[in-house]
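Dropping the structures in below, format is structure tokens.
Same chain, two partners: chain A is paired with chain B first, then with chain C.
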Partner chain A sequence: MGYAELIRQAWRTGRFTASPAPSGKRLAAGDAEGRGAIRGEMEEIVRRESADALGCLGPRGEGTMKLAPFVKFREEKFGAVLFETRSEKVFTLNPTAAAVVREILAGASEEDLGERLKDRYSDPSGKLAEEAETLVRQLRDKGLLAD
Partner chain B sequence: MFRQFPKVPNQAQTATRVEESLERVRAGMEARASRISGRVGTALAEYVSRPGKMLRARFAVQLGVALGVDPARAETVGRAMELAHNASLLHDDCVDEAALRRGQPTPNSVYGSTVALLLGDIAFTQALEEVLDLHPKAVERLTAAAREMAIGELQEEFLRGSVDVTLGSYMGVASRKTGALFEWGALTLSDLSPLEHSAADPAKLGSALGILLQMVDDIHDYTLEDSVSGKERAKDAKAGRVTLPGVFALADASSRARFLELWGSMASDPHAASEMARFLDESGALERAREKCREVVAAILTLARRLPVPGEVAEFAEFVSVMAAREF
Partner chain C sequence: MRAPLYIGWQLTNACDLACVHCVEESGPGRAFKDEMTREQAFRVLEQIKDEQIPYVAFSGGEPFLHPHFMEMVAFLGAAGVSLKIETNGRHLTEAACSALRDHGVRAVQVSLDAASPEVYRRVRPAGDFERTLAGIRCLRSQGVEVEVNFVPTAFSVHEAAEVADLAFREGVSAFYTGRLILAGNASRARGLAPTEEQYRGFFEAMRAKAAEYKGRMLVRCHEMGIAEEVRYRMANPAALFVIIPDGRVKLLNALPFVCGDLRSESLPAVWKAFLAGWKSPKVARFVAEFERDPALLQGLHRWIRL
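Presenting the complex of A and B:
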């Protein structure tokens, strides 16, 4: 049933429940266990959202790459997004691309990027380093990276 | 054919103009309070527009001149920042059940949380009204900034009691809670600037300044007496919040165990908070937090030196340094 039909039916019958109420457990006041579960999730979220804020710390070494002015980075469950705040363009990144940008924010230079990724992730075929090189080129082409 | 560069003022001229601008920001806020007082009464309206240190307005005015923005429009940005900040303080004091703010009783302690929350809502609508005609993106971005501030607050609320806090996660929360409003101000001034200024990255500069303010506040929480800060000492630790000095104490193997011991006794021992303050000082955690502040100041000044009106940069740099070193 489409949304329009659902609305018409609800109007005719007077039943306005479009979907069952969420079945999640409702927290009682002082429910430490439930609060603890949210806290665990929150710890994970703030870890994921930490890279961009650390990027404001300088000074950076010579030859290091950095995101272009007005570009923000935020990790998401699917990988990450780059957000150009002036044009409001959003670029989605897969987990590999997110790992590369994380290294850039941590102060990688174009020369040591491959090595840094190799240290952090298993990359026997060298494919990750290859993909990282391509991504850096693409980021430059789109004006998302500055040296 | 000829590009006209702005005249380079000397620092004394800049300082005078900034103070005059701040007077106008303040007068505009009082005018707003006066208009609202007809609806809610003078005593309540005063909370909406009550000026504090006016750091946000000063930031907007000084960054505005360094970006070549028309002073009246920079003042509007400053006024909106102050009003949005007041809104967040009114709500924060309900969250924290704070009795004092800027040395005065909070409205939640005098009239209850319901009243304080509603005053906060009014303050935020006043901030939105300020910028309705300022720039097409200003309102949309201010609502996004308010969302980020609220998300930062929620994250902080649910991290209460957690000792799984790293420097990155601490700074990330600060960038939302405090940085988002500064970032909004800087981005709006960037939109209003007639001069090329990409290299100064005002949005990042604003965000970093907001984070710095939070870092300094968190250090003051352990170092300033109640009478100086207008807040209770070690309030964050008592509320179960690990802040910057705590992050460094936790990250250091030699101080972690003692920190956790004091942390565990915070709820039951009335002396634990002052003992914690002494321990953070003696273990070097407070000094490491100050060192991190100095790093952020250096990063901000690097960006500030790229602002397009050279004569105004010195005054802005001084503001940043004073803000980092402030003890008021």
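Presenting the complex of A and C:
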């Protein structure tokens, strides 16, 4: 099993197995430099795997949405972009749309998307939930969401 | 945009074919003397991951000839970057195809410029039509998405529609074509460019194929001439830059301007220079002159640092 699949499986099942370091080296108690290097490496691994983790965290039950394969999301100052790398089309997202896609990446279903947005942002009029519903429809029409 | 969305990376200038229509000056033994080392290339890869560049295309020369090609593919696959490989199709063994699948490569774009072995050999001396087809079949058998690129010449343009049909039969997802660009090796061959009459028939045939395969295989033909394309890009710069094998970065493949060097500058710094570069009066002057004198394209590989 490849490393990426191992990580995905660990996220799905919650089973994490630590192995001893292959070099067998141990850090001395006061080895601050070594600890700093390990911390840097761990942070790097977390950063690298966070995109995968977002796609696997939480129950992915009926109605759970996810981005179509090869659709990439990147946060920008103005909101975000979605890049459909098969058709090589770029879609720019305003901050509201970016927030919706973030929830999709975190495992929102069509049913609970509105509630999740309400929990996170103030939406007394329900306008945000309404806009989110429209956006999801548009994303689906453009093939940016996986069925 | 805080970083490019798409990077075209020419890994090496070496190629094991010497195609008459090549837009680069690639061929056997044509690797640059100062192509990036493994360490330099991996520093760039790390930055691609850190800057969350979503899409990268490896090309060349022939990317499979790069000594660290598959290792670089694996790195981007693990980083979640969408990757396309542009190849002459000679290295698509079963082991290579299954490795590309395992690394999650988005697509492999194979150059296929003829529908018959005879015409193929004229365009790609020493090329092997059947071997290329076998490579496409091997990719498909491994579930890797395949795209085909067709470059027309005066003596192959009549086979374009047939190549599109062949591509469709082989399960190809996209067929890309357009005008021949008379730069690199192509600028040295006489009588290579199709006539305007041939182009008219070619564009008509491609429009018909686009309609025929709509929804089943994308057929995209760039009818725009290179001067129009460059003019359009100047008004609407794409968030795309091109890394050449020695680590320098070009504004656009069809322009000689270099805006940075990834061996000594960071990717964010080069991105800033890229955005500024498009506004440079030098670029505007070149584009205006190029519209009057298309032969300027022959100097495409004499790079000008902005």
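Going forward, the second predicted complex is superposed on the first by the 84 of 147 C-alpha atoms of A that agree within 3 Å, B and C clash if a C-alpha of one lies under 4 Å from a C-alpha of the other, contacts with A are read in each partner's own complex, and residues count from 1 in each chain.
Going forward, a residue touches a chain if its C-beta (ideal position, glycine included) is under 8 Å from a C-beta of that chain, and two chains touch if they have at least 3 such contacts.
As the structure is a prediction and not an experimental result, all values here were calculated from the model.
In the superposition on chain A, A:V90 contacts chain C only, with no contact to chain B.
By the touch criterion stated above, A:V81 is placed in contact with chain C alone, chain B being left untouched.
In the superposition on chain A, contact of A:F70 is made with both chain B and chain C. Comparing chain C and chain B on the residues of chain A they touch gives the larger count to B.
Judged by the touch definition given at the top, the superposed model places A:G126 against neither chain B nor chain C. Shared contact residues of chain A with chain B and chain C: 51-52, 70, 72, 85-86. Listing the residues of chain A that touch chain C in their complex gives 2-4, 48, 51-52, 70, 72, 74, 76-77, 81, 83, 85-88, 90.
For chain A in complex with chain B, the residues that touch the partner chain are 35, 38-39, 42-43, 45-47, 49-59, 69-70, 72, 85-86.
Across the complex, chain B meets chain A through its residues 154-155, 158-162, 164, 166-169, 171-176, 179, 187, 190-191, 198-201, 203-204, 207-208, 211, 292, 295-296, 298-299, 302.
Interface residues of chain C, counted against chain A in their complex, comprise 1-2, 5-6, 49, 52, 54-55, 77-80, 82, 84, 102, 106-107, 145, 173, 218, 239.
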